[in-house]
Amino acid sequence: MALLRVEHMTHYFGGLRAVSDYNLEMEPGQILGLIGPNGAGKTTVFNLLTGIYRPSEGRILLDGEDITGLAPHRIAARGLGRTFQNLCLWRHMTVLDHVRMAHYAKISYGLLGAFFGTAERYRQEAEIERRSRELLELVGIGHLADQGVLNLPYGAQRRVEMARALAVEPKVLFLDEPTVGMTPEELSQMMNIIRQLHERLGLAIFLIEHRLKMVMELCHRIQTLVFGEVIAEGTPAEIQGNPQVIEAYLGKETVE
Amino acid sequence: MRKGRLLIAVLLCAGLVISPSVWAASDVINIGFPIPLTGDNPDVGASSKNAAEMYLKKFPTVDVGGKTYKLNFIYEDNEFKAESAVKALTKLITEEEVLAIIGPQASAQAVPAGEIANNNATPMISPWSTNPNTTLNRPYVFRGCFLDPFQGPVAANFVTEELGAKKAAVLYDIASDYPKGLAEFFKQAFEKIHGPGSVVAFESFTTGDKDFSAQMANIVASGADVLFTPQYYSEVPLIVRAAKENGFTKPIMGSDSWGSGDLMGLCGDDCKGFYFSTHYAAAGAKGATKEFIDEYTAAYGKTPDDVAALTWDSLGIMIQAIQNTGGLSGNIKADRTKVKDALAAIKDYPGITGKMTFTPEGDPIKCAVVVKINEEGKFAFHESVCP
Amino acid sequence: MLLEVENLRVSYGQIKALQGVSFTVDEGEIITIIGANGAGKSTALRAISRMVPVETGTRMTYRGEDLLGFAPDKVVSRLGISHVPEGRRLFGNLTVMENLILACFARKDRDRIPADLQRVFNLFPRLQERREQKAGTLSGGEQQMLAIGRAFMSGRRMMLLDEPSMGLAPLLMLSVFEALKEINQQEGTAILLVEQNARLALKFAQRGYVLETGNLVLAGSSAELMDNPEIKKAYLGG
Amino acid sequence: MSGTDHATIANFFRRLLGGVPLLGWLLGFLAAVLIEQAVGTPLAQILSLPKMPVLFGILTISKVIAAVINAVFKDAAFDPAILVHVPAALAYLALVYLAPIAAVARISARASNRAATAMGRWNLLVPAAVHLGLMYAALHTWAGMSDYRLITLKITLIAVLLTLSLNIINGYMGEFSCSHPGFMAVGAYMSSLFTVGLFVDDKVLGKALVVFSLDFLNFPLALIFGGLCASVAALLVAIPSFKTRGDYLAIISLAFLFIIKSLFENLQGLGGSRGIAGQPDWAALPVIFAVVGLGIWSINNFVTSTYGKALNAVRDDELAAEAMTVNTRQAKMTAFLVGAFWAGVAGGLLAHVLRYINPAMFGIQKLAEVLAMVYFGGLNSVYGSIVGAVSIGLLGEALRPLEILKWIIIPLLLILVMIYRPTGLVAFRDFDLREAMGPKTEPGQRK
Amino acid sequence: MSLNFFMQNLINALQWGSFYALIALGYSMVYSILMLFNFAHGDIFMVGAYIGLGVSLLLLKIVGTGAAALVPGWLVLVVTILISMFLTAFVGIIVERVGYRPLRDAPRASAAITGLMIGIILETANILFLGGQRLAFPQLIQSHTYNIGGVFITNKKIMIVIVSIGLMIALHQFVTRTRWGMAMRAMAYDFVVVPLVGVPLNTIAVMTFAIGSALAAAAGILFGLAYPVLDPYMGVSFGWKAFVAAILGGRGSIMGACLAGFMLGFIEIMTVPGIQILNRLFALNIGSNLRDLIAYSIVLAILVFRPHGLFGEPYSAKLRL
């Protein structure tokens, strides 16, 4: 059974059809790429899947359960972690707090525990901190744990987002252009991290990416989105050879 | 660091040598005025301060038991806030070591402040507060004005007898202690005379409101014969104007809070011909009252309002009480109690706002007058009502 | 030389967006800057418009004048450098006509405005049809036309265009570029174009620069760049 | 101390006082107040001050300034002799406070560091109890010297609690809530209703319903009752906050404030505009100290927990918070309920300190005051709220002699703070008890 | 409930609403264009009224009063309004320069606090210079009351409503027709790109404050005519209520602020007869004292059901922390 299944998802902004009849079958452990020119609606697809927008039509099933229309935090708690294209970090919080925060759904000591600092609270918080530090090590920024996020270099900020998304223990990890604005060095590091996550945690990953090279290398399957519609779907080799994709993505060969 | 400690030690010894009693003995009587110099009603504070300063200029010293003391007045700003009033009063009592206190003026400050004065056994007269709680169960706290239960019926009787009113309307500020209390007592008294429902409109507004047209429309529609509005002089012009503009042509009756020198300046011709109950009539006043009015007018360019007059009287009766003690011991705590006892014992103090005698509660028994604003815009004596 | 940019450095907090980029634009030229998302292309345009503060060491001269001495609005009104920002950023609550007239806010030659308006409408007849419509209700292509028209009205010594092709259907894209070419030829407006659609941009421009993560990696004439195998690599990343 | 330039002097002080733990400072403060108690009055006389200065001498100085201003602008009589009070007050401050505090802190630094280290090994409660005990002892002695100090201290402590409770909503969650005086009013009225209605004979509320003497339980129950009622009232503001943010919430909360005030003005059963007087005198200093301490402690516990940090996440990026499993509705609701609860408790305390309340106390003016304290001290910071409430509170008292000019100086100060530190003096600082009470490394020593 | 009674209240509400509307306009302009709460606006209204008082007294001194006057009262009034608007605009400019420009990039709440403090300073300065007592505003035009079928209307009421609606229309024309107005609207929509079309941001900001303050001055003078008692705190409750009206109207909508101002006035005035009607219909005994309670419950309800105000576009403004 597919891990994530989307059926005929359509979404309108006002009268504008931003996503039309989007379908998806994602198997556990798969890396899926979503490409397309700017403004094609890729991020909208992510926002729909993670519950930030509610689809106008269609269904989303995670592990066979219908999650359409659930509040984002519930969807996230069921195992959809994500990063954001333009870094939605909490500007006044430390790196460690970012990752701790993503454990919100798992804490159970309750508000009274929070007020009175019960032993249970300290036990859980310590556990969360331990796990958070582990995750930060995993993405390679363990040493920055107590820094404020605003002071970090860009690459590290991206990793904070990544660690934070991992902390929700996702079944599917949504990465929205994880390498935007990275130097080639940072880029290859990021690719390694993504590979590692995939190999070590067996995560299913859904990736929006602009750099085709990276998508081609990483992904098992690729969808191409243009004007809210999937115009092509297939293996990297298939996509690479698809003239429609080339035209949509690189522009027409001829300007005449 | 050793030097520092040495210095402290030296100073300590020196301090013990010079006996404190040398410094404490002084021939000054401190009187505290916790009044609103800032906050929502700075003019109340200004009037109190004016009256006090005039008094000080006139009587800079006081003879008590054969000794002449210099009077020293300390004005403390209570910001027209309860918290600040409590702090100001505590400061006056503990820091400035005042013998007695005149103020605070408004009940919202006088009630909590009275608690402090009573707990610290310091005599206090609130010249202007009408809330029963101010003096209730507080032997050290007195007030300078008559209470609403007296003034309400005075006004009710007056409109009935002199103006022949059968149906009355009331317009008052719900959020303010004084007008609300008075409005209710008036209603009670009027309905006692004319039966329930004879107050045909009982309209209210909130402090700071400037527009009374909606209430006035109701009042006009109710067909009342008279409007009673126990509001402050700053609101009276607006109410009177709203009445005029909404077609209310019947007489309007007010209370002692109308009696300010600024009223006519603000109101112009609109207020002429209306009545209010108060402590004294400025026009045609005689004796000490006239003297006070004239001096005040000369010094500050306007006729004194009720706050100033009541402050003057409260101060006067307090000084009288201090004199009646027959001599101060120098022990401020004992002296305060003596003053309190003397204050309670005073009979028929001849104040400019009438003769004053305190009830056991600390409330004065005094006469009210009803004043008519005549065609020259002067507050002319109409009748006097004594309890 | 119309515009000379030397050692352009811009940072957003810790993030170094541009790390010493130099380029030039000559009178009447069409220049393109291409590069991957986040390479710093838009930042370069914003720096010229003085929308983002530059770091010390940066030098920008426009016709021999120090560009850094001008406030953002003066860059437009005094120097005549107009900017079509990313995502067009039209004033959606204003009508098409108002958007165009507002663009003439600081113009001294007010008598020439009607003629210029006519010019815009000649270039984009669609706008004339919709002149009383609110800009926010226009379609994507019309919005892009209006954005270019607005820039045309506000200053046309030089135009900075930030991804004009974004979100446009291919046919519309073409007509937009045709119009730009027309402006360039008629007015002698220099155009500095930032594009992700590399082929289209190079086809249209005379020269091009390739940016990668805040650094200039390649420069040359469009033809050279088009044939350069590096371009594909640089543009597609990695 | 031969150094002439700034750095040397600063260095000297850093060397002198750098390694002193909180324990040392508290000991110093305690020593200072004990010295004041012993020699304050004679020392004041030696320095020719009329009386022991109450608020560290600032009040004395502003009195002199006020006299000078009156002399210059109003031609009031001026006695040049009082000019002596300025150096005298400063000398008093130095002799009684600064020098002893510095000396004791320095001398005891090593010992108190050792003590702090030792206590650090135990449960947090032990050092907390020791520190709080010392602090209370010092404050108690300080306030014991004058009722004026006592009332100022009481009201300032309440202001700290109120400010901190508003900081939860305005600072930690980043909403602009205007309804706080309303919550405070609910707390004040409900706890007064509880105490006056049940335990005191009153004109308005009738005979005491219950006569029993477990006073020590009555008051906490009253405060909790007041706080809970305020929380319930806060629901009215919290629920619209799910849909609205920022500006609209600001006016919803403002409308709410108007409504609450109007409600209390109209509830004749609660005294209407006359208010309620005669609350039992239960709000003694130790009670207030304990309640405010408990408030600070639990709020600090809350804001450092993941539940509390969720408020920051909601403030900085609500969308990201949602995507990271944070139940933002729950977070907002909690912030309002907790903030309102402690505001209610603060109201209950105030009602019993003043032993009188009326609706006019909880109006726009109170709002301006508490907003000023929050933003002056610093957003998102327990330290900030303490600093804000204490400095605005003390400044308000100390500048009292300047009368109306006070209301020019304090706003100007606030504007300057806003311009140069827009988020307040000590914003975004975590309040870590363990760290605050732990030993400090002396500048010379290696860690 | 007679029609007369209703009409009477309607006319009263119109007058009361025009003050809210005029003040809310200035509030709304700053709020829409600069995204700032100008909590000092109520006090600028107060300053405007006092400036109007000073100017009119000065003018009356020059031209004389009563029958001996050189020019009719209405002329004095017009000149007073114009001069005061001009002078108060400078007060607004100073407030912008001192209090708001340094804080343009600061958290919005900080700017709001600054505004609050500037307001306190203005009030205090007033007390400091004028001594805190109430002052009477001179009655520049003779008051006449007309009885039209039992409805009492005064010439001043008519004038106030006409002048304020006139000012609103003038502002509307300014904002829709002139390039300055266009720039303002553009700024309300997208603050950042305004300089990109050559519009000087600071100039527009100053102008916004100036116009808002001038309108507040006009409101202050009209207020003085209708309610001739001025006090230093007269702007406080107006300021906060105009704040409610401005935001209720919706961001970026000047007409929205106007209508919300009138609406607030209507709600406040009409609650009183509304209570009467309820009392009669259901034999209740509610007093007019519940006016604020009911009026602001209505506001609260409106906002709960229209969370973005009456005419505002949905947007998510965060306090920039």
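When the chains are written out, they are named A, B, C, D and E in that same order, and each has its own residue count from 1.
Rule of thumb we're sticking to: contacts are C-beta pairs under 8 Å (C-beta built on N, C-alpha and C of every residue); 3 or more make two chains touch, one makes a residue touch a chain.
Just so it is clear, the structure is predicted and the values come from calculations on it, not from any experiment.
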Chains in simultaneous contact with subunit A and subunit D: none
Chains touching both subunit B and subunit D: E
Which of A-C and D-E has more C-beta pairs touching across its chains: D-E
Averaged-CA centre spacing for the pair subunit E and subunit C, given as whole angstrom: 43
Between subunit A and subunit E, centroid-to-centroid distance (C-alpha), Å: 50
Centre distance in Å when subunit B and subunit C are each reduced to the mean of their C-alpha atoms: 74
Mean-CA-position distance for subunit E and subunit B (Å): 35
Residues of subunit D touching at least two other chains: 261-262, 265-266, 315-316, 380, 404, 407
Where subunit B touches two or more other chains at once, by residue number: 38, 40, 42, 174, 206
Touching two or more other chains - residues of subunit C: none
Chains touching one another, given as label pairs in label order: A-C, A-D, B-D, B-E, C-E, D-E
List of subunit A residues in touch with subunit D within their complex: 50-52, 71-73, 76-77, 82, 84, 88-93, 97, 100-107, 111, 113-117, 121, 125, 128, 164-165, 167-168
Residues of subunit B defined as touching subunit D within the complex: 1, 4-5, 7-8, 11-12, 14-16, 18, 20, 23, 37-40, 42, 75-77, 81-83, 86-88, 90-91, 93-95, 97, 107-108, 111-112, 115-116, 120, 131-133, 136, 174-177, 180-181, 206-207
Subunit A partner contacts - residues on subunit C that touch it in the complex: 13-17, 36-40, 163, 165-167, 169-170, 174, 177, 196-200, 203-204, 212-213, 236-238
Of subunit D, residues touching subunit B in the complex: 35, 38-39, 41-43, 45-46, 51, 54, 95, 99-100, 103, 106-107, 146-148, 150-152, 155, 203, 261-262, 265-266, 272-275, 277-278, 350, 353-361, 365, 397, 400, 403-404, 406-407
Subunit D-facing residues of subunit E, complex: 31, 37, 98-99, 102-103, 106-114, 116-118, 120-121, 123-125, 127-128, 236-237, 240, 243-244, 247-248, 251, 287, 289-293, 296-297, 299-300, 303-304, 307-309, 316-319, 321
